[in-house]
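Here come two complexes built around chain A, the first alongside chain B, the second alongside chain C.
And then the complex of A and B:
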């Protein structure tokens, strides 16, 4: 019962994180590509509750940033020009779920001030907005690549376990080949032979395909093991004897036995694949600018000056941690529920 | 001996499969190194055709694969377009550095993880266990990318460690001892990252294996006989728990090599990682294949060593495998 509660809580938290990603357009105050060349590397906005005259406001004020003359990236707040933070404001247009056009944003301030929860990057783009839009790319890449991996793994694993014989040998030998390589090297090798200079959308699909393809071996092995014992069950035999086709037996009687393995594997693979996308994009092999992904946002940290000076550029890296932790705990809880040992 | 031969044969077969797989990927690839050259108006199409002939690019896949096997047999492993030299010498110096880094990191990680895991298992719910559990959870939830960046930031901020490369510029031409200390200092950052990356999995596995061994009835019997605590732990429980841990040694190498690839790129350690990345970005095909082969060779060797250790440590496996 406790495990069940734990799983429910974890699913709720992860669901909330993914909802924030889905409705990125609504939660982010600006468009991910909106630049403001006047304020590169601006620090996160300070919220004032007291204006110049000393009046206390219940709405926090955000003041206009002005670059200190003769410096780069050092800003002063113009305390004369402060604007209250407002909720449910009209702003730049975006597409909700890729379908509905909308201009509503959860919060924002009037121009010319900008509310920057996590500062800006080198083009003066709002890091918080980019983080939310980037989570769409990174989280979705993880989910889709996992679906692909598990799909291939389940198909081949069930075939290998069910038919046995040469199919089993071929599938398992191929799987060993994929398991024999350090996975990042494998990922790179596969990526190496695919085109580099493509637009963000194609790169996104390509990265998903690459990540998803290399990870099928482990789930396939596990599923084969389950199927090997599962096909000996009497009800499977009964189904076969009453004339059920192989496809029918596999779909109706074998596949349901593998659900728990598939779920646990999904919880283990998703964070790994999110990280894979982040790593590829970080190294310039994944989703490229201008579309944000957590990886290509972190890529600016490869410059020592940025790494040392602008701590808010770490935001996408820190955002990975709760997602990671959530999935890890979920995998542990699922394994504990399945009566498997936790490592 | 027969077992050893069998295992080596199996590994060679695996490496052969890996090379075949890499070449299959190449065939799928659109674009080549020469596409960039083609854009250069100063190079005539005849020169280009000659170059392509020279490197055998126009030929079908089996022919190219055979040529590559031939050059691998000669110890060249193909030809690098970008460096205009055989791949093997390029790989060799880089592979040595990667081996140095991962070898040292493996050693240190086991040296830290073994006592931590054993102490946690011996005093379950004790303060070491709680602290260790917290530490491993935090490390497990932190991606290796962030760990590497964090150590880099620390090195840049505090100037405790030199950053980038393998030797300081000042150290070149100095005595051997000074060179060695310089390499050691440069090595420290990447090694710390790799140890932190591999520590949580190792510690948890060791703790689980030791806990299981310590819960066995004969351990309770030994305790009841009043045999000293540490003799029980080290003399009775550890050899039993050693079995899964030795297999872990081989398996952990794969993830360590992957983490090492990333760490090398971020911390600019001149290992296989930066070479591979440059080769990918420059479409230097044979270097990519060479680097991947090299990494798989390390990995396969690691699992082989693990298997042999297991073979030596456990008479049951010896009996079973010889049947």
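And then the complex of A and C:
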């Protein structure tokens, strides 16, 4: 019972995170590509509850940033020009779910001030907005790549386990080959051959296809193991004896046995693939500018100067932590639950 | 005191011969014609540690091409005439004087007498003749050869006597003296055998023992430790003295540490492991700047460099079958109004400010303010104007769809990709800012950072790209150093490499002007010709110049006589004058 609660809580938290990603346009105050070149590397906005005259406001105030003359990236707040933070405001246009045009944003301040929850990057783009839009890429890449590799893995694993013989040998040896290849270097080589004209969307699908396809071997091995023991069960034999076709037996009697393994694997693989996407984009093999992903946002940290000077640029690295924690705890809980069932 | 040390050195030199590390400087012989350096009198001794971003590939001045090798070799060699990196003027080096014949075709150089290579072997005209024979030998493939071939004819050289040589040119050549800079005079006694047996290319690799290498630079090789460092020691026979008659250099040793990348370089300098840091990026400058006083080092912003970064379109003639897409786009690229519109649509001020953190200069011509004499000040600096760019595009029969996309006369949307080198973050950032700027004109730009070598390969070999952001850094302020870029037949004529004949009338005019300035002797007349070249380049915009970074260097406060210059190699050009204040080594390690 406790496990069920835990799973529900975890699913709720992860669901909230994914909702924030899906409705990134609404939750983020600005467009992810909008450059405000007057404020590169601006720190997160300070919220004031008291204005220059000493009046206390219940709505927090955000003040205009002014670059200190003769410097780069050093800002002063113009306390004469402060604007209240407002909710449900009109702003830049975006497409919700890629379908509906909208200009509503959850919060914002009047121009020329900008509300910057996580500061700006080197082009003066809002890091918070980019983080939300970037989570679309990173989280979706994790989900889709997991679906892909579990799909291939389940199909090949069940076939190998069920039929055995040469099919088993071929599939499993191929799997071992896939596990042994140095993928990162192959990906670098692959990138050099790709055409120059590849937009962010295509690059995104390519990344998913690549990390999803090369990850099938591990789940396939696990599932093959489950199938090997599962096909010896009496009800499977009974189904076969009553003339059930291979396809029917696999679908009706073998596949259900692998559900708990598949779910646990999914919960383990999603964070792994999120990390894979982050790594690829970090190294410049993934989604390209100006589209954000957690990986290409973190890529600026490759510069020593950014690493030591602008702490808010670490945001995407920190955002990974709750997501990973959520998925890994979920995998644990699922495994515990699955184990109980099996006993 | 002077007499004593003189005696001691003499004894050592005589008894142990010249090949030993001489404790004291070689005594000055009355017949030796040393050069007198007008520097602040320094204190002999000490060791200077400098970082190199990659290991040098060779110590052979004839074959070296990479920056690290050249940086080390510059300390080991002497040239006939030298460009002072601070005044940017030529000054006598191994040649103490030179005379030009009235027709400008014969240069007679008088060598200093009584000089010695760093192994103690005397220098005379035969070494000079030998050196130029090697550089001009086609089978050696020396990168210096191109410089010494004027109008397709190699420079002629003949010996007059043991201390004078004559160089003959096929036609008057404006910057002849500057040609001799950094062309090392080689020791005939050490290299002739290798040259005759055809093994010169392999000679003086990193594995060569210090005794096998000799030069006329302020330092000579002491030790090379693969993967870690190369140490040079003072050349006791160096031919410069200070005003007090003390033989230069002051420093006992220079150690070049090999570091992995720019970040490590900064960290080592921060930690006090190195004494001088060369070519700091603006980002790293801002990090180091904060610690200047606390860590007792000083940073120098020398103002704009000679490097110019630019966007350009592929105007090469390409094979139609392979690149129909490119050819379709080249119709826009070849339209001068299109290029002008792109140029007007780019916010250079913002690029210079953001990419170089305010330590850069926006550019409208390839000549940066660093060459104050040559830059054409009359060239206008129009600020970004989206309306102006739109007007130009409209007059070139481009139009806009309802959603703002720019379309050409046939109705297809205008989009192109810009390649950059991924390892050069600044250029990638420029491309990303251009992408945002051109979006306001309705142009969809794709930024493609590529591995450095594949980017160069696409630009210079396969011509398989649409547009690129690249930077060129001239080695010298003189326009002759850029002949290869502006001549339509040049190998660095980046937008259309090696045209068999000028493709456009303005390229033809540039060719004529550049050839003419080459044979014009009077600098003010040459400037008029070069001004016109800059005008054409600004009007026809084959290169959309963006910005030039400042030259940024740093040194510990202890390093004295430190006078960094805009010209390469910025920091160590006067290594013979550098000395360390206070006691002991500057570096903590």
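For this structure, a couple of remarks:
The rule is simple: the second predicted complex is superposed on the first by the 322 of 343 C-alpha atoms of A that agree within 3 Å, B and C clash if a C-alpha of one lies under 4 Å from a C-alpha of the other, contacts with A are read in each partner's own complex, and residues count from 1 in each chain.
Just so we're on the same page, a residue touches a chain if its C-beta (ideal position, glycine included) is under 8 Å from a C-beta of that chain, and two chains touch if they have at least 3 such contacts.
All values reported here derive from a predicted model rather than from experimental measurement.
Chain A is touched at more residues by one of its partners, and among chain B and chain C that partner is B.
In the superposed pair of complexes, A:199 makes contact with chain C only, with no contact to chain B.
Of the two partner chains placed around the shared chain by superposition, chain B is the only one that A:186 touches, whereas chain C remains out of contact. Once the two complexes are overlaid on the shared chain, A:122 sits against chain C while remaining clear of chain B.
Of the two partner chains placed by the overlay, chain B and chain C both lie in contact with A:308. Applying the stated contact rule after C-alpha superposition, one finds that A:284 touches each of chain B and chain C.
Touch criterion met: A:328 reaches chain B, while chain C stays clear of it. When the shared chain is aligned, chain C comes close enough to touch A:73, but chain B does not. Touching of chain A by both chain B and chain C, each in its own complex, is seen for residues 192, 196, 284, 304, 308. Against chain A, the residues of chain C that register as touching in their complex are 262-263, 266-267, 281, 283-284, 286-287, 347, 350, 353-354, 357-359, 417, 419, 422, 425, 429, 432-433, 435-436, 439, 446-451, 454, 465-466.
Only residues 33, 35, 37, 40, 71-73, 122-124, 192, 196-199, 284, 288-290, 303-306, 308-309 of chain A touch chain C when the two sit together in their complex.
Every residue of chain B that touches chain A in the complex is listed here, in rising order: 14, 17-18, 21-22, 25-26, 28-31, 140-143, 145-146, 149, 152-153, 156-157, 163, 201, 204-205, 208, 253-255, 257-259, 261-262, 265-266, 276-277, 279-281, 283, 285, 288-289, 291-292, 295-296, 299-300, 303. Across the complex, chain A meets chain B through its residues 173, 176-177, 180-186, 188-196, 275, 278-279, 282-285, 298, 301-302, 304, 307-308, 314, 317-318, 320-321, 324-325, 328, 341-343.
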